[in-house]
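Look at the two complexes coming up: subunit A is in both, with subunit B in one and subunit C in the other.
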Partner chain A sequence: MKLKDALENYVFVLPAVAIFTVFYIIPFIWGFQWVLFEWDGISFTKIFVGLANFKEIFTQDSNWWQSIGNAGYITLIALTFQNILAFMLAWACDREIRMKNFYRVIFFIPPVLSEIVVGMVWRFIINDVEGANIINRLLATVGFPNLMHNWLSDPKTVLTTVSLVHCWKGFGWGFLIFLAGLQTIPHQLYESARVDGANAWQTLRKITIPLMMPVMVLVAILTVLGSMQSFALILGMVGGEFAGHTSVPVLRILASMRSSSPRFGYACAQGLSFGMILVIISFIQYRFSKKGQ
Partner chain B sequence: MLLRNILLSAFLSFSVLGCFGQKVDLKPSITVWHWMTDRDATFQELSKKYETLTGVKVNFELYAPSEAYAQKIRAAAQGINLPDIFGVLGDKMDFSAFIRAGHILDLTPYMEANNNNWKNTFFPKALAVNEFTPGNSYGINPGIYGVPIDITTIQMIYNKKLFMQLGLDPNRVPKTLQEFLEIGSKIRAAGMQGLVSGWGEVWMIDCLANNFAFNIMGQDKVLATIKGEVPYDDPDWIKVFSVFEQMQDSGVLAKGLVTMINKSAEQLFANEKAVFAFNGSWCVNVYKGMNSDLDYGVMLPPQISEKYPVSIWGGAGSSFVINARSKNKEEAVKFLIWLMDQDQQAYLAISTNNLPANKNSLSKIPEVLAQFARGMNYATHPNVWEVSESSLVTETFDRGIQSIIIGEKTPQQVAIEVQKIKARELAKRRAQ
Partner chain C sequence: MARRAFYYNSKKFLINTLVHVFLISVVITCLYPLLWMIVSSLKTQDLIFKDISLIPHQFHFENYVHALREEGFGRSLFNSVIYTSVSVFSILIIASLAGYAFSRLRFPGRNVLFFMFMVAMMIPIPASFVPLYLLLNKLHLRDTPIGYILCMISVGLSVSIFLLKTFFDRIPREMEDAARIDGCSKMGTWWYVALPLAKPVLAVVIIFNALNIWNEYILALIVFDSRKFMPLQVALQMFQGEYVTNYPLLMAGLTIAALPIIIVYLLMQKYIIKGITSGAVVG
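This part shows the complex of A and B:
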C-alpha cells in the first residue's frame, strides 16, 4: 500500500519534473558546457577555448561591467524608492481608509501590464518630439519651466528616468506582498500599544517594522532579482543601449547571441557570471537579514 | 474461442478499413517560414494560386517580429528541423554559418540551367547578396545559395509640403553636405524637426556612416579598414565621424534621434512632423498605411566629397533559401522559380509596395517605388563585400556616433576608441 501511495505521488509530480528537466535543467547543463567553447550557435563544430570567455569578461569587456553598473543603479533606486513607496502604500491600505479595495486594485495594475507596453506608453508621456510631452507640460504648468528637459535623450537623466518608470511598473508586487505581511500581524498588538499610549509612528517603528522584517527581506531579494534582469522596459523606452547609458546585462547577453558574428559560448559565460553575481547578492542579503533577526 | 474470433475479425476489419480510409496524398506539401507580416496575406494568396495550378500545397508560416523569427531559425538549425524553405535574417557571416552546417542548398545548378535562364531574371546586385564568389573569406564553396524575393535601397526621404513651408523648392533637393546643413538652420528657425530615423536601434547609423565613408575615401579604403590595413583613427574616418557632429550642430537632426526606434521615426515622418527621414524602401508601404496623402520624394544622402561616388546600401531585401536536408527540395525549387516569375513578382510588388527582385517586373510599379529602384545604380551592401567587420567593432563604432550626436565625445575620441577595439579583435583573430 505504501509503495502504491509513493508511486502515485511520483506520477503526480512526474509531468512537472519532466517539464522542469527539459526546459530548465538540460539547458542549464548545456549552458555550463558551452561556456568553455567558442561557438556561433549554428555550426556543428565548437572550438574549445577553456576559460578564455571568462577571462575576456573579467579583463576586457568594459561594456559588460558598465551594464552591471547600470543594472545596479536601477536596482538601488528600486530597493529604496520603489520599496519604500510600496510599503507606505500597503501600510496605508491596511488601515481603515475609505476605498481601500479600489486602491489595492489600482496599485496592482502596473505590474500586470507588459513591460514593452509600459515602456512605449511612458516614452509617449515623456518624449517631446515623438510623444505628448506631458511631463514637461506639467512642469511648465506648475511653474517650473526651467526644469523642462529632454529626459530620454540626455545621458545624465536617461537611466534615472528609466529607473523611476521601472519603480512605477514594479511597486505593485511589493505592495501586494507587504499588504499580505501586514495582515498577518495580530491586531491585539496594535491595541495593546494604543492602550500603552503609543502613537502611529511608535507603533510602526516598534511593532510593524520588526515583525515585517522577513517580508522586507523577501521583497528586497525579489526586487534585486527583478531589477537586475530588467531589459524589455529599456527597449520600449529608448530602443536599445543608447551609447551604453542604458545597457543592462540581459541586453549584453542578447547582443552576444544575435550580433553579426554570434557568440553563444560567450553569451553563456556572461549568463553564468551574471547568475553568480545575483546568487552572491541574494546570499549577502539573506545573511544580513539573519543577522538582523 | 468465439470471443477470440470476434476480436480477430474486428482487428482485421479495422486494419483493412483503415488502409482504405486513409487518403494517400501523392503531392507533397511545402512549408515556408517567414517573418514578413506585411506580405503574409499576399503569400497566402499566391500559395492558393500555386495549389490550384500544381496541386502542391504551400504552407506559409509567419513568425514575427523578426527578432523572434531569427531566434526560431537558429533553434531549428540546432535541432535540425528547419522547414523546406526559410529565410536567414542576418549578415553574410550568419548566412555562411548556415551553409557550412549543411542547412542550405546550393542553387547554382538551377540558376544556371537553360543558359542561365533563372539567374538572368534577377537584378545582379540582388543576387550578389546571396552569392559566394571564388576565394571568398568565409570559406564557402562558390555558388548562389538564396533567392531574393524583393530588393531594398536605403535612402534619404524628404517631405515636399514641409520643404515648401521652409521656402525650399521640392524639385531641387540638397545634393552636397553644405546644402543639407544649410537647411538645418531653416528647420531650427521654423521650429520643425529635421532628420528622423531608427538610430536608437543603431544599425541605421552604421548604414549612413558607411555611405559617407564610401563617398569620402572610396570602397577600397573602407574594405582595407575592415581587413585591418587602415586604422579607424585615419583622418578620413575622423571626417566621417565629424559629419555627424556637423549635422547635429546645424540642427538638421531631429531632437531625441539617438533613442528613436524606426517605428516612431516612420510615424513622425508619416504624420508630417519631420522634414527628412533616412529609411529603406519598405517605408513606402508603411507610410501608405499611416498617411496615404503623404507627399514625399526620395534623394541620395548628401555628397561630401567629389573624389568618390555617393553610395547607398541596397540589394536583396528579403531572400528565401532551401533546406538542403528537405525531402521536398526539388518541389521547393519549382515553387521558388514560380514565385520569382514576372507575374507573381509584379503581384507581390503592387500588393505590398516592395521593389521586385525580378527586373522584368519593374515597369508596373508606382513612381515613388521607381525612385527607390533607381537607387540600385548606387547600391552596395556589406553582404557583397566578402569581408565583414567584427560585431564588437561595429557596436563601438555605432555607439561612438551616438555619443558624438549627444555631445559626449569628439570624433577624434571615438576614432581612437574604435581603433583600440579593432586592434584587440585583430589580435584575437590572429591568435585563432
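This part shows the complex of A and C:
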C-alpha cells in the first residue's frame, strides 16, 4: 500500500523530471565529454585531444578574450549607468508622487520586448542611411552639429552605442526590483532621521543604501549574468561581430559551431569555460555581499 | 509660521516638479522608439526619412499586408503563436503537477529532485546549448517543431515549479484534506481543488513563460534550419537581410512582433509586476 502510494506520487513529477533530465541535465553533463574531442559534428572521426581545447582557449584564442572583454565592457556600463539610473528612478518613485503606477508600467515596456526588435528599431533610429540618423538631427537642432557621428559604423563608438541601448532595454528590471526593495524599508526610520535633522543626502547614505545592500547585490548579479550573455541585441543592431569590435562570447561559440569547418568540441569547451566564468562571478558577488553585512 | 509653511510647500512643489521632469524625460525615451516604429510602418519608403514627425499624414496599412504575405513571414508568425501556446500550456500542466507534488506529497527522493531543479536554474544557457544541439541531432529532433517545443518546456520548468511550490507551501491544506476525505483521488484533488486556488500564480507562470518563449532567440537559431519552421524572431533577422532598404515593410514586421507582447503586457501588467517583486523579495 505504501509503495503504491509512493508510485502514485511519482506520476506527478515524472513528466517534469523526464523532460528536464533529457533536455537540460543530460546535455550539460554530456558537454563535459565533448570538450575533450576535436569533432566537426557530422563525421564519425572524433579525435581525442585531451585538454588541448582549453589550452587553446586560454593561451591562443585572442578573439575569444576580445569577446569576453567586449561583454565585460557592456556589463560595466550596465552595472554603473543602467543601475544608477534604475536606482534614481526607483528612489524618485518611492516618495509620495502622482502617477507612480504610470511610470512603473512604462519603465517595464523595454524589458518585455525582444532583443532583436529593440536592436532593429534602434538601428533604424541611429543609422546613417540617407542622412536619417535621428540622434544626429537632434544634436544638430539643439546646436551641437559637430557632435554628429556615424555611431554604428565607427569601430570606436559602436560598442558604446550598443551598450547604451542595452541599458535602455534593461533598466526597467533594476527599477522594479529596487522599488520593491525600497518599499520594504519602514517609514518610521525616515521619520526619525528627519526628526534628528538629517537631510535627504544623509538619509540616503546612512539608511537607504545600507538597508538596500542585499537588493543591490541581487540586481548586480542579474545585471552581470544578463549583460555577459547578451548577443541578439548586437545581431539586431550591428548584424554581426563587426570584425571583432562587437564580438561577444555567445557569438564566438556560434561561430565555432557554424563555420565552414565546425568545431563542436571547441564550442563545448568555450561554452563550459564561459559558464564557469559566469558562475564564479556571481558567487564572488554573493560572498562579497555576505561580508558586507 | 505661515511664511515657513509657504517656504516648505514651495520647496516641496519645486522638488516634485523636478522629479516629474526627470521621470517624464525617461518615459519619453522609453516610448519614442516604439512610436517611431509604429508610425514608420505606416509611411511610404520616400516619406520615411523626409517626414520624421510622429504624426503620420496618411496611413499605409498595406505595408502590413505586404509583410504578412511575404513568404516565410506570415508563416513564422503562425509558428510563434503555435510554439508559444503549446509550450506555455504544457509548462502549465507539467509544472503545476510537479510543484503540487513537491509541496504536498511524500515520496523518496523528493528533496533531491527539487534541489536538482533549483541548482539547474544556475546553469547559464551558453554553457549547454552546444551539447543540446548535438543531442537533438542524435534524437532526430533538430529542425522539428516538437524538438524546439520540448526545449522550451525544459527551459521554463525550473522557475515555474519554484513559483508554484512556494505558492502551495503558503496556502492552508484543509480544503484538499476535506476533498481527500470525501473520496476524491489525488489527481482529482489537484485538478478540482488545488489548481483553482492557484489561479493568481498560474497567471504569473503563463505570462512569464509566454514572454520568454515569444522573444526566445538562441535556441530557435540553433534548432531550425528550415525556413518553414522558424519563429518570428529568427525570421525578422532574415527579413532584415532581404529588405535592408524597404524600411516601412521592416517596421511593419517589427510592429507585428512587438505589438502582441506590448498589449499582453499592458493587460496583465499587474501580475507581471507582482511576479517580479515577489520573486525578487523571496530570492
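The rule is simple: the second predicted complex is superposed on the first by the 272 of 293 C-alpha atoms of A that agree within 3 Å, B and C clash if a C-alpha of one lies under 4 Å from a C-alpha of the other, contacts with A are read in each partner's own complex, and residues count from 1 in each chain.
Heads up, the rule we're going with is that a contact is a pair of C-beta atoms (placed from the backbone, for glycine too) under 8 Å apart; a residue touches a chain by one contact, two chains touch by 3 or more.
All of these numbers come straight from a predicted model, not from anything done at the bench.
Taken together through their common subunit A, the two structures put subunit B and subunit C in a clash. Touch criterion met: A:Gly240 reaches subunit B, while subunit C stays clear of it.
Of the two partner chains, subunit C is the only one that A:Trp30 touches; subunit B does not reach it.
Once the two complexes are overlaid on the shared chain, A:Leu218 sits against subunit C while remaining clear of subunit B. With both structures placed on the common chain, the touch criterion links A:Gly41 to subunit B and to subunit C.
Judged by the touch definition given at the top, the superposed model places A:Ser261 against subunit B, while subunit C stays out of reach.
Look at A:Arg287: by the touch rule set out above, it reaches neither subunit B nor subunit C. In the superposed model, A:Arg194 makes contact with neither subunit B nor subunit C. In the superposition on chain A, A:Arg205 contacts neither subunit B nor subunit C.
Touch counts on subunit A: comparing subunit C and subunit B, the chain ahead is C. Of the two partner chains placed by superposition, A:Lys55 touches none, neither subunit B nor subunit C.
Clashing C-alpha atoms with subunit C appear in a single stretch of subunit B, chosen from 58-66, 220-228, 382-390 or 400-408: 58-66. When the two complexes are superposed on chain A, the residues of subunit A that touch both subunit B and subunit C are 41, 129-130, 239. Only residues 67, 70-71, 74, 77-78, 90-91, 93-94, 97-98, 100-101, 103, 193, 198, 200-202, 254-261, 264, 267-268, 273, 388-392, 394-395, 399-400, 402-403, 406, 408, 424, 432 of subunit B touch subunit A when the two sit together in their complex. If you check the complex, the residues on subunit A that touch subunit C are 6, 8-10, 12-13, 15-17, 19-20, 22-28, 30-31, 34, 41, 85, 88-89, 92-93, 95, 97, 99, 103-110, 112-118, 120-122, 124-125, 129-132, 134, 137, 168, 173, 176-177, 179-181, 184, 215, 218, 225, 229, 231-232, 235-236, 239, 249-250, 253-254, 257, 264, 267-268, 271-272, 274-276, 278-279, 282. Interface residues of subunit A facing subunit B in the complex, by the touch rule stated above, are 40-44, 47, 60, 63, 123, 127-130, 150, 152-155, 158, 237-244, 255, 258-262. Taken in their complex, subunit C has these residues touching subunit A: 16, 19-20, 22-23, 26-27, 29-31, 33-34, 36-37, 40, 48-49, 52, 93-95, 97-98, 100-102, 105-108, 113, 116-117, 120, 122-135, 137, 150-151, 153-155, 157-158, 161, 186, 190, 211, 214-215, 217-218, 221-222, 233, 236-237, 240, 245, 247, 250-251, 254, 257-258, 261-262, 265-266, 269, 272-273, 276-277, 280-281, 283.
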